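When the chains are written out, they are named A, B, C and D in that same order, and each has its own residue count from 1.
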Amino acid sequence: MKIDKQQISDLNKSVETKHLIQLDFIANQLQHKGIDGQHIIKKLKDFQVAIPSWALGAGGTRFGRFSFGGEPSTLEQKLDDIGILHTLTNAAGAVSLHIPWDIPQNYQAIKDKAAQHNIVFDAVNSNTFQDQSNAKESYKFGSLCNSNKAVREQAIQHNIDVINIGEKLGSKSLTVWLADGSSFPGQLNFQETLKNTQDSLKTVYKSLPKDWKLFIEYKPYEPNFYSTVIQDWGTSYMLANECGERAYTLVDLGHHLPNTNIEQIVATLLYKGKLGGFHFNDSKYGDDDLTVGSIKPYALFLIFNELVYGIENNPKNPDLAWMIDASHNIKDPLEDLIQSLEAIMIAYAQALLVDQKQLKEAQEAQDIVACQEILQEAYRTDVRPLVRESRVQMNAAIDPLAIYRSLEIRKTLIKERGKNSTASGL
Amino acid sequence: MKIDKQQISDLNKSVETKHLIQLDFIANQLQHKGIDGQHIIKKLKDFQVAIPSWALGAGGTRFGRFSFGGEPSTLEQKLDDIGILHTLTNAAGAVSLHIPWDIPQNYQAIKDKAAQHNIVFDAVNSNTFQDQSNAKESYKFGSLCNSNKAVREQAIQHNIDVINIGEKLGSKSLTVWLADGSSFPGQLNFQETLKNTQDSLKTVYKSLPKDWKLFIEYKPYEPNFYSTVIQDWGTSYMLANECGERAYTLVDLGHHLPNTNIEQIVATLLYKGKLGGFHFNDSKYGDDDLTVGSIKPYALFLIFNELVYGIENNPKNPDLAWMIDASHNIKDPLEDLIQSLEAIMIAYAQALLVDQKQLKEAQEAQDIVACQEILQEAYRTDVRPLVRESRVQMNAAIDPLAIYRSLEIRKTLIKERGKNSTASGL
Amino acid sequence: MKIDKQQISDLNKSVETKHLIQLDFIANQLQHKGIDGQHIIKKLKDFQVAIPSWALGAGGTRFGRFSFGGEPSTLEQKLDDIGILHTLTNAAGAVSLHIPWDIPQNYQAIKDKAAQHNIVFDAVNSNTFQDQSNAKESYKFGSLCNSNKAVREQAIQHNIDVINIGEKLGSKSLTVWLADGSSFPGQLNFQETLKNTQDSLKTVYKSLPKDWKLFIEYKPYEPNFYSTVIQDWGTSYMLANECGERAYTLVDLGHHLPNTNIEQIVATLLYKGKLGGFHFNDSKYGDDDLTVGSIKPYALFLIFNELVYGIENNPKNPDLAWMIDASHNIKDPLEDLIQSLEAIMIAYAQALLVDQKQLKEAQEAQDIVACQEILQEAYRTDVRPLVRESRVQMNAAIDPLAIYRSLEIRKTLIKERGKNSTASGL
Amino acid sequence: MKIDKQQISDLNKSVETKHLIQLDFIANQLQHKGIDGQHIIKKLKDFQVAIPSWALGAGGTRFGRFSFGGEPSTLEQKLDDIGILHTLTNAAGAVSLHIPWDIPQNYQAIKDKAAQHNIVFDAVNSNTFQDQSNAKESYKFGSLCNSNKAVREQAIQHNIDVINIGEKLGSKSLTVWLADGSSFPGQLNFQETLKNTQDSLKTVYKSLPKDWKLFIEYKPYEPNFYSTVIQDWGTSYMLANECGERAYTLVDLGHHLPNTNIEQIVATLLYKGKLGGFHFNDSKYGDDDLTVGSIKPYALFLIFNELVYGIENNPKNPDLAWMIDASHNIKDPLEDLIQSLEAIMIAYAQALLVDQKQLKEAQEAQDIVACQEILQEAYRTDVRPLVRESRVQMNAAIDPLAIYRSLEIRKTLIKERGKNSTASGL
């Protein structure tokens, strides 16, 4: 299934007048503050977030999974789903593949399909946290960190295979997330485990094409419940430095201990030119993988405030790889992603409204009350008309969720793919 | 497979002398403090912990599962596994069934099998967190709490069915753990949801045979990640009071927010006569379901200290239903359970050593330093010889883990059941 | 010092046009949704939050305190400060006294002063967490919970004294916050401590005038670091039930373990008719006592959503006592309070915008995506013009902070009171 | 006051027989495992922990302080208190001064006094978290990080002054703990703040004598409640690398977010040769500064297990500076320190018992159950006789707490110094 741009234009009509009144109001308000609304809108139009191929199906917990009808069961269908998202939102112009779940049968066909949808191939993801049925070695006790050399070699080779697949599709980066760790004190020797991981990552890094980047993810716990080899940004940063210039830390919002100040980590990595990628989601307890902005939208804004500042002021840091990494346990995945994209755009727009000059002055004057006012002035502004306009200008939907529903897309997908289709993966 | 008591006696021989020297030493030490070692040993011999039927297979996380050879695939085989545990440890003389995973085909055969192993049927557990293939209604949005009456009725009926099954086997209590809750703000109306849950529980309570008890479990999060209907002991206690005299709160060690003082909750419930059951496990981050005593053995001791005090001083509180509720992701489940039982016995023995009279005096004198010394004196004592002797006197193993390994039990189970047998359940 | 309403009107003039344009826009927007803006504004005008007498001076941490000039050193001066706040914001029409820090010398003079400022006397607070220089007994090891009867009696008597003082001023409720607890395992007997606390609270309750209410606060830790007697809402609720009908639980936002779902607690207490009072502040780590809305404004909105629902639907629950309980370590306390009041009003206004009918329908249809949209539609709306208008209609400031600064109030206070004046209290 | 070694010998007599029986038992038990008890005892005798000068008085919280009689009010008296501790325990042979609280009036006299007590001068601590009465600039908004250059310069100069004082006494290291951070989003620019801190630390580092080390402490929050400049080990490690070879990270047990795996951090730093110092205490919620081993003794053991391993295997890492950093809010500080020293020695002894060879084999065999057994075998052993013997061999007390009490030391101190003497400091 594919949505027609004309359909969207037609459906936009019914809310166009309302939209223009709201846009006019905010544009005037911003003008009074000396802010050019079109400039913000331009930035919003350019912002693209990758959708991981595994996010199109229903997620689950260890207590089970409630399946969802019409899930994409092939890579082609996954690309179609992202195509729908991108047509509606103009914000999902990239896909992030997970290997071995998404190994293309026919590379040219896949590339054509993606091109049709205006989708590019962002970072490829390796998987060494599960055993494949044909695998010789098991990752039960770790992969790149494993004390058993044969396991490490298998995991290294897998990463090299993933790079090769990515190269054929046009990806330029590899994301490594390791579940490696331990569930019991004493289970592994921390120092040797770290050394093994370091050596393995260096070997993978050496296999990278010259124009590729390596993203090293960190996470404090789960699926291991005592220790994780790359437990925090400090470990990831240290390993990235060991690997070399094109190795970077990747921040996933849900991968932190309770109460962590994530925006400070983001700022530190940008300062050091070592922030490579960013995974969006939201959470209340742990790595809950909820819809972006559904729990802590102000924290998301504060993080975007650092990202906007860093993009402006840290030329050494590369362009970031943005991705949504959420688990759609009880919502229609496409609706969940539409809500996530909206929350990202809103936070980004709010951050773009922060008066950096005024903020710097207030910081230098150590006028804390004013600093807070400046941030909250931006955050409390209703920027949704700007976000909507950024879509209108690209022929996307003023209200993507409403159009998704009025077009009965899920119903069509179920008709096409069946009630019990299952996304490849977990 | 079944272990012969004679085999155990034979294998005990090799470590008997060593054991007796250690026992002699600790008995003398205790005698000097006016403590009768045999009295402690007697209590240890009587302490029995139920094994849940789902704990005999490998657990998993949402990222996958590493299977284990020789898993029991029928209820009979599960009972055999518990029989092995009980023969080795003399501490696992009960089973806790999970319905619908463990519905007996032939009740008499199951009862005979259990009797053979000296196993009784402890609390039965209902399951309304998963959809069964033949179910009419889905629990995706809750069960006893559901805003849809038909779902609530199905869930109530399931609980009544579970009671009926339990009755035929000799169980005397029903444990209700609800995954009910929400993953997003606004998803449900807290007040109506609580009211529905209360009404449903009351209906289940009314269906209980007169000599049965109802245990209401609580948990702050997972599998729902924004709210859980019975989020804490306060909610469970409130609901138990609404239900009636034979409704109680059940405490699972892993079901608390970070840093919760669990021993105080235990003391409060005992004081009110409302502590019904107890699920053992250990954790560092969330409901990690690790081997008991593997992470925070001192916290376990402090909890046992309250339990021992309450058992002595709160006659109104019923005898507690003890159960191990852990998930064996990377250890052989039987070895994991042996380690858990050992940790429980050690903590219990240490708690029995606390000089309650001295402690009370120090508390009344507000001599905090002395209070700590008294607790730590008990905790720092090496009580393992007492625990071992409690087994010796019951013809069980001095060192259950060593004997389990020397008898190559897992190897035999794999031979009997195959490498890929899977425990019924998740 | 006292601000003239005329001064405010004059200063409002310069931003009046801007305000009216914004107000007009939002009013129109709401009208399209069938919401009467004036109705919201009316509710905002009526909402009054008590200022605790201790919040007018600089707070501190255990690592020290940075003093602030012009702090009020008498109760009269504290009332003057609240008068300034109330004149500016029309939202601070009540004071909450702390005894013994605020014992009036001359009751009539104090009542007159308060009346001048249109300030009423809200709940009075007792203090049994510090030793007074003339005290016979020490609270080092607890007050109402103390195993020493003489200490308990002193603490009970103090609470009765506080009631008597409150009665003379027109207060109608007593707030009891207990620091009571322990810093080391074994230090106290949980059951006896709870019993002592229960008995002491009952005695205090019996001394309440018939038209008074008792508010029982809870807190998990600090200043005790192992256990706190009233550690959670469950314990407070249990104790309130033991005391009687006019005893209620008081929720302080900062008094929870990490990740607690506070809005659910609020809903549960409202459902049971047992929510008495509410202390506002914000926090990232523990009881940080930061400016309201400075860290988690969405959580504040979600809580207000439950409060608005409960006020509408739980007639059994009494009117709530609202108070700001923050510690102004590095901001000018009056500026901090102005920011807090603004954040409260914004969250309240957003909650009033939630379409409860639509929400209920979405909940019943189990349309989670729609539920979230409905809440976020209200939250993302820029309600500040409504809040400003609620002030304009009461001759208060459109922008209280700007006027506070343009009138150079702090400068005047320093001139009047000196650079080194210190608020009575800690 | 000073204790006589002879007094101790005499008091030891009454428990000597009991001690020898226990020692004999454990020595035999160890011998059977091929462990030489005397070797362990030798290591215990050599282990010395510094006492910070501020730990001899009562601590407090922001809610107040309960004073303790006989507190040392001069540096001489503080050294006397440490002398008492060291005589009793043979484990407190060092002092860590805090400037400006402990600036010697007469250096020679102070050095003589310390020599008399066999106390050496360990790391000196600077204080830039409080304003001194005569200070020109305020640290209210930070010190080494401050956006105001004059403040940074004052803070740098203070650190240089501290080094100079330390040099005169024989210290060889400077510990920098920064309270620097922010309490509100937007208050400071993370990147500039980090840069300022880095530059300031480098300047301090350059002022270090060639045989000195710099220890950089980290802490996630308190006294700032939104961000802390050096929030975690990663930031500290990064800054230490920027400074140079003799700059190291210092780990304080209480300075971590909930659930942090501290032992892994310790291992990582040892692996990198960058662990410089260690502050002992215990906690349940935050930086509670409780008696060592009073809350999580197993975690302490696991940390010591890494330390013992690192000391053996990481020759590149320097000898560590050990210190107790606790706050004695409700216990007699000297009794609290005696309990802390005992807990440290016990954990150290247990860690020394771990069979590293067996552990490595089990790790390589990925026999998790065995790994846990090996650690718990060491931990469950009652090592107290070894700890006691390590004291006996140095003419210190078998039971330091009992002797402290029987000599009525606190009573004597109160007689000598008065009931209301106050330790210099906070």
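Couple of notes before you dig in:
The rule is simple: contacts are C-beta pairs under 8 Å (C-beta built on N, C-alpha and C of every residue); 3 or more make two chains touch, one makes a residue touch a chain.
As the structure is a computational prediction, the values presented were derived from the model and not from experiment.
Listed here as common contacts of chain A and chain B: C, D.
Superposition on CA atoms relates chain A and chain D by a rotation of 180 degrees, given as a multiple of 5. When the interfaces A-C and B-C are ranked by C-beta pairs in contact, the top one is B-C. We define each chain's centre as the mean of its Cα atoms; on that basis chain B and chain C are separated by 42 Å.
Put simply, the C-alpha centre of chain A and that of chain C have 39 angstrom between them. Contact of a single residue of chain A with at least two other chains is seen at positions 141, 183-185, 220-221, 226, 258-259, 261, 284-285, 291, 294-295, 330-331, 368, 372. Interface residues of chain C facing chain D in the complex, by the touch rule stated above, are 59-64, 66, 129-131, 138, 140-141, 179, 183-185, 220-223, 225-226, 258, 283-286, 288, 290-291, 294-295, 327, 329-331, 426. Those residues of chain C that touch chain B in the shared complex are 141, 147-148, 182-191, 194-195, 220-221, 226-227, 231-235, 237-238, 257-261, 263-264, 267-268, 270-272, 302, 305-306, 309-310, 313-314, 359-360, 362-364, 366, 368, 371-372, 374-375. Of all residues in chain C, only 18, 22, 25, 29, 32, 258-259, 261, 284-285, 291, 293-299, 330-332, 335-336, 339, 346, 368-369, 372-373, 376, 379-382, 384, 401 touch chain A in the complex they form.
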